[in-house]
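Below are two complexes that have subunit A in common, paired first with subunit B and then with subunit C.
Let's turn to the complex of A and B:
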């Protein structure tokens, strides 16, 4: 049934959110446990409990038994923690953090229909069980199932009667039911009349009200129960079915159900059980309290609101509990996102729709540029009404563009949070003690960028734990705390997102890096290399700095892959390191993949755009610094390096015969693995933001071209992919070797 | 006129499941996303019965029950507690707060319908 399938999908979506807040809460608890003041934030424990509890609830509905079993024990531990029976210790939190990871895996397994890792689950179940056992109350002792029991004397006696005359279920039996509600019953929304109607559906019912003890109106106290009933039911239903009708009132009423041996006999008032009912009713009346379910005064409710809302910053506002103020916080303001703030209202939108909108905005920006040129060429004054109107449209268009980009922008938080787990696993695998500090996780980046950041960040984090940090002994020897710290930070800087992964380890051992690079033939022995160049060797394909391949990060995947992935996102990754102080990897990313910061260049009569992220510098060298190599090759000497020149007009086959042989405007670009080249063009026109239009959909992959854009005058300009240009030029040698050949 | 139910649960999945269980039996089901939302929607939904989850942000199920019981209009409304917890302690607390009854998750659709019918006497 498709309705249920949809619910299943929404359940797994919900699980993602729940797992996020679970992870966040567990880490907060863990930090507090380490700091020794867990009592400060019991609300966090509640939130964590709720997350596990909701997962269990949904899992049960979909019959995901592994998930239910695991979540149940997890939840039990958390319940004991919030009840103060299990201590929130560092050790306990270590188990819970891993249990959180396991729960996350179980959700993924359930979603994808994969068999979970039973061994790991079994072990964690045992560890969780040990936590509960350690508190003195084993899980087996916990009250599991509620068994309805009837606690009146009659009930016990009727059990005897059942033994004497067992109900066969054959034919109709007569039951005498004595029902005397306590005052509490009326405070629970239970209604005797409704119960009688339910009984009536089981068979023939006769109801006799005992109004004997109802006082005169002047003495009447509505909170005191005075009515009792004797019911006779002729039914084929079993005793259990009758008891089930009274399921919710067993604790708030005196109840006696008795099978009558003779179906013809009706209980009369003088019968012994009837007397007993009266006898029971008397003390019952004495004990009758005002409704325990009595409506509490309104002030109590307000208090409840306040307590529930204290975790929210606006709790001191009288309307803090109302949804309106929380919603008015709005999703549109990227700066106002303190993590503890009430979650703004959100809607889920199909990404295609947003993309379509972004495309349309792109068209709008282009139209506006074309209009602007048309106005100019029509000779209208810049202060004419038309020009002023256009200025207004320009401002609005850029406002709309920003807002639409903001829709795609999402905080980096989910990615950063995943790294906590990576750190834990990396720490376990290497036996190092590692702490992850995240900074600026509310920084927003385009959704596509975020998705493609996970792999490179995972790799960098593992690399930092594995290669960056020393082991505990090594750290102690250099006077550092035994626990290493890896800081993951994000910030917006001049229109780009800067993400840094830094460790407080030993820094890059440049002597060793050089030795390895020389051994592997990546550089010629004795090459003069700056510290930065040595550091950059880490990004060279085939470089692995550990002498032995480690189980963790040395799986044949090097930092070169990281660099390639970041560059594919239009970003750059750089490295800084100080001996004894640590290493920092810096990733600079564009805010969005829909707009490119580019340099508009012209060669052979063609206008093309080069991504600014690839350009290191632009040169107009004197002819003395340009040397011919071989038959056609040229190189330019720049800062002590010889850099091959690639004529873009030649590369694209657009060079016109008879034009000047040598273009002398050079754009120095750097690509994967530090390969550099100087791209020669005729003119650099402009540096501008261009809207990226994919060509692949319509034309397939074009070598050397990554996409296209539309210029203000309506002309189409292709966007050059420098990576491919360099690759196809066959410049496979790394720059340092060029320097050595000089 | 069909019987109107106000279902209070912070989990969209559970809300969906409650809707899927009750709507085919002709119930008119309204939803609220947490305790405070539930109490606020009470006049607008004007239900014959409330089903509430226990563990919810802002205001939990106990708070919902207490809120309903203290309402001059809806004080005697049946409130069923929907929960995965089957422990005695929870039922005692729910009962003390004024719960009419309880349904243990995962629930069986038919049982949910029959419990509601029983409580309402229909």
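Let's turn to the complex of A and C:
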């Protein structure tokens, strides 16, 4: 892999983080806009601006033109906003939120080398443009442009700028700063103007451009920056603070900071060469235009020109941000200053390495179990040194195991954040007003679980918007606020992660669900069904409750797919609904996919593990409670319910031939659909944590078996999938209920 | 070094030869990861009869194919003297149950012959070619890709 490829990869990784903070910031702004007090948190706008700016900078370095163009306009709007030129209104935020989505699409397109959706991009560009134009027209009539084409020759002539800056307090000292950027500075997406603005936050700033070395067009090399600046700063800030501004460009620019003895005196541009002619400067701009990425020095001339113009009345629209130092002088406002110093240090680690470690730990646990068995069979006393040492190793091993699992555990936040976008799109598609509330997004889950949660959650959220919430009129009629609320919450509960998607809609229309299910032949007409059973019909394959297929969630792939995906993760989905109050889907997931709490059972001479999560209770019934139905069928009466018995040895075909006696140790299990069955085994050995080993890797899928594990003696035991056993036993959904009614 | 040069030489290859039901078979040495003694397997439900089950190979779950049953000689009743040849085919690790490993041999491509036309013999499906030696004994080269369990059938 070449160095550039690596840089590219790390750019896109950074983009993900930036897009996350962008989304978060935009939502915060949007909330504030809705509440009407945007000014409270101008720092959020800064954070959003920084994110867009960083993406633009990186994109420029990799020549991703679409991305640069879009990010540039986006950034301009944000800049206007933080300058107060564009109001942070609900409508404007709506455009910005969608622009944020577009930006993340563009990043994805650039990463995958796919052509972006030009039509949508064009439309959003126009909307963003309209935002800025609206502002420009509202404040003064001068046309406003963003591309570095309006640079005028005068800009070169009157390049020295005197800023109107806040009064410098006592104890201020003057610094003279020489700043000569190298080509890499522009190449890495930095912009001198941003740095100067940051300096301006520190105090009274004077900027002088040194155009001495700008050559004639014929000698012009666009890759070689020619502009230098001399800045004079009257500030109370220390030298370190000034250096901090330049921290990120220290390697790509020549920098000299000198303390001047006489504060208050400003150079008034006497050194600036005034003898540059129009002929020299205009071509410079023309040359500079074809640049993609962050604009070359010409762009800075452009902006400084605009700034300079502010000192004259009735001039061009002032560049936002510059004349407003007081406004943006809140905590951490200089845009070049890192603001996340308090965040804990993190490293990016290849997932394979973590997984290798987890595998090794798994082996360690197995080895330790084997050793423990060996010690036992060697007949060593339990207080011998060897046994004590082994106990120590056990503790260490479980400590290591927990720590490694913690490495894989990630907060659910990224998944939840994605759902904001899903809601937005779903709301647009259905014309409903929807608000997403997330709770507990810091809840940590295994990374694999997180990745595989995105699809089911997306589906459920869309389903909630499409089917769960009523339209605005319907809501108004039932006295609810017009904007529907969907709550996405996560929490740890008794060793599992519980994720809930709830809406405040009308609840499940059980009559309709039942009718549809009967029409589609999913249940026999007239079958007695409890409310819970009707709700569970939604998870039946082939059930799609919307009368007409909607583009959003009714594509024939229904909630059955969601349930299958959650089950594949070792979790379960349940549904609760109250008429008029809404519907809640609850997903219960294991914390990790690597270890399983299971019960070791034996039947037909085979040892197998049953997941503890599926087991409701274990029983050893008296023969009086077991009834035969037909030739082979058996049921057990338990707490007034008749539960079908499935002999695991029969189900797996491992029964020893001619075995007469019937197994009478029963494990009562329940599957997602609420169906219950009693699994018959010979012996229950014990309950233990087992390390899950894939069978598919080297062999394939076995019906009724979810995975394998390795026991203390090194032998392999298979892990039973009770769900599939019940399904393949062909128990009819309605049977247990009818039986119980007798 | 010697082994490598023999292996790399054009037209020559190294094979591991072993016995199944008193007949000599061989496979390329390149796919063989290790040879280990028989350990009891865990039976896989719903598996084909030639899949003896799975064993624990240093933490991985590896299926064991009973070559005798696969080649149509009837199932092996495994004892401690039997061996499992661990082979890598693509990304899959598979164990082959055989009676005994006899030798590692370097053979000439020129000594490889087509399988003679014997009608209705299961073993023929799994043998890609035969190698004859001057002393008269013969090696049957196994086509590993055909010996593997048919997963499609098990998925159904």
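Note that in this section the second predicted complex is superposed on the first by the 438 of 742 C-alpha atoms of A that agree within 3 Å, B and C clash if a C-alpha of one lies under 4 Å from a C-alpha of the other, contacts with A are read in each partner's own complex, and residues count from 1 in each chain.
Rule of thumb we're sticking to: a residue touches a chain if its C-beta (ideal position, glycine included) is under 8 Å from a C-beta of that chain, and two chains touch if they have at least 3 such contacts.
For clarity, every value in this text was computed on a predicted model and none was experimentally measured.
S.K.: Should A:715 be classified as contacting the first partner (subunit B), the second (subunit C), both, or neither?
M.R.: The second partner, subunit C, only.
S.K.: A:561 in the overlay: touching subunit B, subunit C, both, or neither? Say first, second, both or neither.
M.R.: neither
S.K.: In the superposed model, which partner reaches more residues of subunit A, subunit B or subunit C?
M.R.: B
S.K.: Would you check which partner chain A:700 touches, where first means subunit B only, second means subunit C only, and both and neither mean what they say?
M.R.: The answer is second: A:700 touches subunit C but not subunit B.
S.K.: If we overlay the two complexes on their shared chain A, which of subunit B and subunit C does A:363 touch? Say first, second, both or neither.
M.R.: The second partner, subunit C, only.
S.K.: Between subunit B (first) and subunit C (second), which, if any, makes contact with A:498: first, second, both or neither?
M.R.: A:498: touches no partner chain.
S.K.: If I apply the document's touch criterion, which positions on subunit A are contacted by subunit B in one structure and by subunit C in the other?
M.R.: No residue sits in both footprints.
S.K.: Residues of subunit B touching subunit A in their complex?
M.R.: 10-14, 16-17, 20, 35-37, 40, 53, 55-60, 63, 66-71, 75-79, 84-89, 91, 95-102, 104-107, 117-122
S.K.: Provide the residue numbers of subunit A that touch subunit B in the complex, in ascending order.
M.R.: Residues 3-4, 6-7, 10-11, 14, 47, 49-50, 53-54, 56-58, 60-61, 63, 142-146, 184, 186-191, 193-198, 245, 247-248, 251-252, 292-298, 300-301, 304-305, 308-309, 321-323 of subunit A touch subunit B in their complex.
S.K.: For a test of understanding, state which residues of subunit C touch subunit A in their complex under the given definition.
M.R.: 39-47, 54-56, 58-63, 91-94, 149, 151, 154-155
S.K.: Show which residues of subunit A lie in contact with subunit C when the two form their complex.
M.R.: So the residues of subunit A touching subunit C come out as 359, 362-363, 366, 606-607, 651-654, 693-695, 697-705, 708, 710, 714-718.
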